[in-house]
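Going in written order, the chains are labelled A, B, C and D, and every chain counts its residues from 1.
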Amino acid sequence: MIRVSVQREAFDIAAETSALEATGVGAVATFTGIVRGDDGVTAIELEHYPGMTEASLRDICDAAQEQWQLAGCTIIHRVGRMAVGEPIVLVATASPHRAAALESCAFLIDRLKTDAPFWKKEYRGDAVNWVEQKSGDIARADIWDS
Amino acid sequence: MIRVSVQREAFDIAAETSALEATGVGAVATFTGIVRGDDGVTAIELEHYPGMTEASLRDICDAAQEQWQLAGCTIIHRVGRMAVGEPIVLVATASPHRAAALESCAFLIDRLKTDAPFWKKEYRGDAVNWVEQKSGDIARADIWDS
Amino acid sequence: MKLVYFARVREALGRNDEDFDFPANVLTVGDALDWLATQSPLHAEALADRSKLRFALDQRMVKADAAIAGASEFAIFPPVTGG
Amino acid sequence: MKLVYFARVREALGRNDEDFDFPANVLTVGDALDWLATQSPLHAEALADRSKLRFALDQRMVKADAAIAGASEFAIFPPVTGG
């Protein structure tokens, strides 16, 4: 089971984990990314490349399913404007093995940060700037290739 | 924020992650363990040591908070009888760092399996047997000591 | 001292708990197990395989060489299997 | 060929997309960038720092040496920052 969604509205983690639990395996892991209020950030806005985004998220799920024994893989990424404290992204996996469920979630979020065509603006009150890609994110995603 | 609960009723993953998101950090990870229907198992029943259980779960959260920068740590473990497909245990953490959130969830569930006084019976229809501790679980928990 | 039993140990002994005054030469958890095994055939059988037993004194896990002096609650149970 | 722009590139160019027929000597993504930079001062500036640009042909990420022949959609955008 692969499920990807790019959406403006918030997601329902309980509904997503229930769907993964219904695959019949023993372990479900999730990771949720939340808008941080670091350095005076008040909101963010996410733009994406419709069509390519969904395809890239499916590719990332496919790569996870090649590396780990997964019964299900879900990625939901929000776009548009979000205030500090709002969830941005949910990745979730189901596996017969607890380590596989947790490790594959780490892979999904690391890979998403370097491969999926999203771009983030930060608002600090009226001031706005595009977020720069972090070299640490590239290094973290590269770990999975080695 | 440390929250531990030993309870008969099912837990609400959305309520638990919301509480962790409210700590103001950017990363929340969860792990849910579910009753597997392996080898004809139809249900399980969990017994625990009231008082010691809660203390041991708090100790495990304390150990996680020493090892990772965590804004919150939650462990909810159910007791009593549960059917195949029902959730047994939820561990969840909040951190400024996504790797810390996911790794600490792995630590919590590994440690819980060897340190917290729960005992599991498996039902296969009318037949019942106590589950034996898995040597793999001990090995996995020992990794965190090295 | 209050003895408490869980899981297979509780079922084998047919009770949740019981009270014993250990003799003065019972110093450790291991000594206590030896002495308990003399109290009835049921105890002897339930406590025979030490490799399948774990212990807590006042709700803290301990090894068989732990001193029992000062403890008020002594728990005997199989290896844990939660999660 | 349809050009599509995102994020800082889109804002710098003041448009979401535009159509160009590249000359025959434009073979790769890199060639296309060189040629695009000659189309207006806005293009020249928006495409000046190649280290801050990433590319996709028909919605697949590619490097600057990728051949553009056969592609119908060519996207130019900054390094991604989702998650």
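Going forward, contacts are C-beta pairs under 8 Å (C-beta built on N, C-alpha and C of every residue); 3 or more make two chains touch, one makes a residue touch a chain.
As the structure is a computational prediction, the values presented were derived from the model and not from experiment.
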{"item": "Labels of chains that are neighbours to chain B and to chain C", "value": "none"}
{"item": "Shortest path length from chain A to chain D (each step joins two touching chains)", "value": "1"}
{"item": "Chain centre separation in whole Å, for chain C relative to chain A (CA means)", "value": "49"}
{"item": "Cα-centroid distance, chain A relative to chain B, in whole angstrom", "value": "23"}
{"item": "Centre distance in Å when chain C and chain D are each reduced to the mean of their C-alpha atoms", "value": "74"}
{"item": "Residue list for chain A, restricted to those that touch at least two other chains", "value": "33, 109"}
{"item": "For the chain A and chain D complex, residues of the former touching the latter", "value": "33, 46-49, 51-52, 55-56, 77, 88-89, 109, 112-120, 130-133, 137"}
{"item": "Chain A-facing residues of chain B, complex", "value": "12-14, 17, 21-22, 24-37, 85, 87, 96, 98-99, 101-102, 105-106, 109-110, 140"}
{"item": "Residues of chain C touching chain B in the complex", "value": "4, 6-8, 10, 56, 59-61, 75, 77-83"}
